[in-house]
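Structures follow.
Next come two complexes, and both contain subunit A; in the first it sits with subunit B, in the second with subunit C.
== the complex of A and B ==
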């Protein structure tokens, strides 16, 4: 029980971090600092160049090494203490509600890039947090689409049986056989270029989710099929209960367990799908960050071999996926116990 | 598995001895070319990784870079452009003479030299070659180059070792036309030509004995999907200062890899010996890894390639593209293009996209082309305030949220399409996107698969703006004719013009045609300078940067003299050799 709480709170805090990206991230994710491409993660110092200890951590400004392009040296002439609750670039807390408050930052010209910068000098931590919004958001939206359609059609098939069942299940077979990646290529190619890339992306994600309805629908159909033969359902039917009442009162609640576990499995799967899409250039498009787009730069041999901090989206991805899977298996276990 | 595979390959390729044919003795009366300042040690095997498998070994059909890379080593031309000096030098023609009216060239051919199969070479082969290339049935990519003033050049035999080339009009630097035009063996190809089968000859799988050329190497073996091996041509017509027949290196092995990264990895691991044109990123990786000193890296400075942003100004009257047509009101506005140009951070592009290994550009000629660049062109630095002032005077205004509006109050928003396989051009587009955001322009970057991009730019015209690169051929302005002539096939911003759409395009047409028939370098330079000025003022292309040529070779290769002209590293392969004193390192 304790572990379930722990996992749930880890997952909740991951989502909260991403949700509050504007506040937690020190910089605007699309802001380019053109003097600092591929700057390594900032070193937080407590002891300055003269050996003096400071309680408040500080950073030094990075200056490009004049002899060796792409490597940097710290300018130790001035300390820049890390400040909390600082004013920085504007972001939207909610649509229409703007704020400039950031959790932490340092005074210019120094920059505190805890996870370094990318090839255009953009802060990787800020991109990671904002990119999480896009990636996890994509996962949630696609899951929602898949489950809504799956639940609807699965319940319909299971409850009414017969021809409806046969038709829906054949349709499900068809959808399972669709090579979704090629479908998405086709959808992207058919869309006009001038559409906003973010809107296109959300559309693709929705398509992805809708195409994915078949698997949850099959599972839900099975549950509904067995639920409708239960004695209490037959009894209710005998008392004259109609289909909508039966579904609402007795049958759909039975499917909740499956829906929850399916959701837990689908979210990380769809986050991965976003990464795949962006990796192949079908993603949100520059400059909007997403984990897939960030990992896309690793296709270049030079980035792959030179800058470890460019892998951080993969770490975030693994952390989120593991948390989801762990939570799912625990919920599943608990439901099984409760059922027996 | 992979590791073992590559280890085996290395073992295979660095086999102890190479059985190449011994160079034949120099015959009496054989008019060989003496490379004076050259000496070296014979032997060894040079391995080069190609990005893709060559499609053909037929010089009259090859259009892809890997094929030309291989064919270039197997064939000889009449007059050659020395890649080091960028000027012409004698090759199969020992000397040539231009008539006073500039319409006739008389070429004297080298006597007594032989094709790589031992068959003698003479004027018949030259006449045959040009007949084949100019025949429309052949479909040779070189054909367009050999048409001067709308008429094909005429090549006639005077005697066994003399040919006459007649042009319909004087043609500047006509001798440069002959560079890289491979002379074909009539004795092997006459039958195929008579049957109209020139398109099908000499595939990579053709037996080595049925292929011959006048280059330093000849075909030895081809292993599909893996490698192509050339061996020294025992009859090659160049000798060194010690009267040794070139080339020095016995075998040239071309490995097929998939892409540039794979090419670089092969070079880094020592599987290949020479690397032509690395990207700046990969160059940096290699430079960091150079501690072992197994290879030498060279930054040759700016290439002749220019990258540019351009807007779709095509005539869309026959098409239904209302979105693009609406935006063309901006694209056709010089003030709009000037503002975009002023807002772009070219230094930033050179620094970030090319890691500092590129030069910012304001014109179509790169500083790598010392003979032809117009150094008087203004190099306007980035200025957002200037750009805003230009937009204001062109009738643009801004919404309170900073979005730029045109005269009709429509928000200015457009898409830049780039090739998804070129990380550099997509990065450039992302930088430009951020630059133009400061002007209130809403720019989207859409990377497309290269063929889809080419289709939009050349066929459907369904795009707003794009970033592409051109150049990399000869340094001479004639190579640029198809870009700047209003009828040219690479007149990208407005293709397929019947007559010049603007007065300045008419003026450029006139200047380019005039430089073509002007024989004096200084006069031609003045004309081409004027073209550069007009283009820089009218900005059909907004020039961005010229990347440096970055190459590498094993440390023990002698006479490695890479050039900014194609082929960058192997152009003098016949003179390259392995330094025995450094050889043990490997």
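== the complex of A and C ==
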């Protein structure tokens, strides 16, 4: 019980962080600082160069190292204390509602990049948070699409049986006969290559949803098949209940458990699918951040071996996926206990 | 024999349906190879129209589908506009390279997973089981992409294994034996990635099926008779567990093909994966179509083989 609450709250706070990306992130995710490519994560200091202690952490401005190519040294002449609730770049809290308030920041010219910067000097933490919005959002909406289609067709097939069942299930077999990544590619090929970000995002989500309907449909069909033979359903039918009433009152509620656990498994899978597509350059493109697009820079061997902070989207991805799987298996376990 | 014939017939129908699906999906795509060419400002719209007529892209989709299907059945996979060559010259070597990864990966995975799963099942609820359960569930949650990237990083850092490609640049001058060795060294890393991503799930399934089979009345009776443990495992438990495992082997081909696609791109292995991504970006329709048909065919053949194997090992479904 306690562990369930813990994991649920971890998951909720991860989503909240990503939702409030504009506020938590210190910088605009597409703002470039060409003088600071691949700057390492900022060091938070408490003791300055003269050995004096400060309660408020501070950073130093980074300047290119004159002796080593592509590395930086801290300019210790001036301290830049980390400040909270500062005004910075504008972002939208909700569409149309603009704000400039950021959780933390430092005065220019210093920059506080807690997870370093990428090849164009963009703040990795800010991109990670904003990219999470893309990736997790795609996962959630695609799951909704797949479950809606899967639930509709699965219930139809299971409830009406006969030819409807045969037709829907053959279609499902067809979708499962193509390896999912190939299918994803084929459907992706049907979309125009060059689109603006919002359109790409929506189309991507639709593609993921369409590709994934077959598996949940098959599971829901199984549940519906056994549900419609339950004695109370037969009784209701005997009392003259029609299909819409039976579906709404007796059949669909029985499938909700499976739908819930399927959702818990599908969300991380779809986040991963978005990441895979964007990693290969077929999903969300530059300059908009998404976890896959960020990881895409690791395809260059030099980036892969030299800058560990470029792996942070993968770490975030694993954290989200593991929390989802853990939550799902616990919910599943509890439902099994409740049922027996 | 009729069962075999029926299964083969339904596989062919399935492949036909897949071809209609893929063709239809690609047909929905706005733009084609020549329209993508117009990104280059020197290419005028008249040139593009001329080329489209020349390659028959202005005909109706149904006509083109029938033409494509006719030549596909005859073994002509179409013409790759990007490679300026017949698709078959491009695709067979690539498909062979993909098989060079997936077949050994599948064999190694099952050779490792069976004994490991049986061993873990025997130590059920003991510390071996708990540790292996934790390790496998963590590995299942690790994205394939991350596993591939981490292995690549390891190889680049240590320099133990070559990265990228199938052969060293000077491989043509080597003898046959050392060429094979070179190939093996290049294949090692993608193979490791494939095995690492597929093994955990398979081990978990083997463990679950073996545990379920071990609780069957027949097995308990055999145990009560005092039959030796190894004999119980090989003669009683495994035949019972074979049914779900053979089906799983068939299904795991799909995952293996998808994972292989990704790993080939990350590790620059010249298989179907990189070919498909390039073709997608260039709207090279026939290559995309052939590659997804080929992958589906591999999958359908794998499932067919699994079904027939099931028919052979499990007498219960023969009635």
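Operating definition for what follows: the second predicted complex is superposed on the first by the 320 of 340 C-alpha atoms of A that agree within 3 Å, B and C clash if a C-alpha of one lies under 4 Å from a C-alpha of the other, contacts with A are read in each partner's own complex, and residues count from 1 in each chain.
In this text, a contact is a pair of C-beta atoms (placed from the backbone, for glycine too) under 8 Å apart; a residue touches a chain by one contact, two chains touch by 3 or more.
What you are looking at is a predicted structure, and each value in this text was computed from that prediction instead of being measured.
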{"item": "Partner chain in contact with A:189 - subunit B first, subunit C second, else both or neither", "value": "both"}
{"item": "First, second, both or neither for A:32, with subunit B first and subunit C second", "value": "first"}
{"item": "Which superposed partner A:281 touches (first subunit B, second subunit C, both, neither)", "value": "both"}
{"item": "First (subunit B), second (subunit C), both or neither touched by A:305", "value": "both"}
{"item": "Touching partner for A:70 - first (subunit B), second (subunit C), both, neither", "value": "first"}
{"item": "Contacts of A:177 with subunit B and subunit C, given as first, second, both or neither", "value": "second"}
{"item": "First (subunit B), second (subunit C), both or neither touched by A:119", "value": "first"}
{"item": "Of subunit C and subunit B, partner touching more subunit A residues", "value": "C"}
{"item": "Those residues of subunit A which subunit B touches in one complex and subunit C touches in the other", "value": "189, 192-193, 281, 299, 301, 305"}
{"item": "Complex contacts: residues of subunit A adjacent to subunit B", "value": "30, 32, 34, 37, 69-70, 119-121, 189, 192-194, 196-197, 281, 285-287, 297, 299-303, 305-306"}
{"item": "Residue ranges of subunit B touching subunit A (in the complex, touch as defined)", "value": "261, 264-265, 279, 281-282, 284-285, 288, 323, 345, 348, 351-352, 355-356, 413-415, 417, 420, 423, 426-427, 429-431, 433-434, 444-447, 452, 462-464"}
{"item": "Residues of subunit C touching subunit A in the complex", "value": "14, 17-18, 21-22, 25-26, 28-31, 36, 137-138, 140-143, 145-146, 149, 152-153, 156-157, 163, 254-255, 257-259, 261-262, 265-266, 276-277, 280-281, 283, 285, 288, 291-292, 295-296, 299-300"}
{"item": "Complex interface listing, subunit A residues touching subunit C", "value": "170, 173-183, 185-193, 268, 272, 275-276, 279-282, 295, 298-299, 301, 304-305, 311, 314, 317-318, 321-322, 325"}
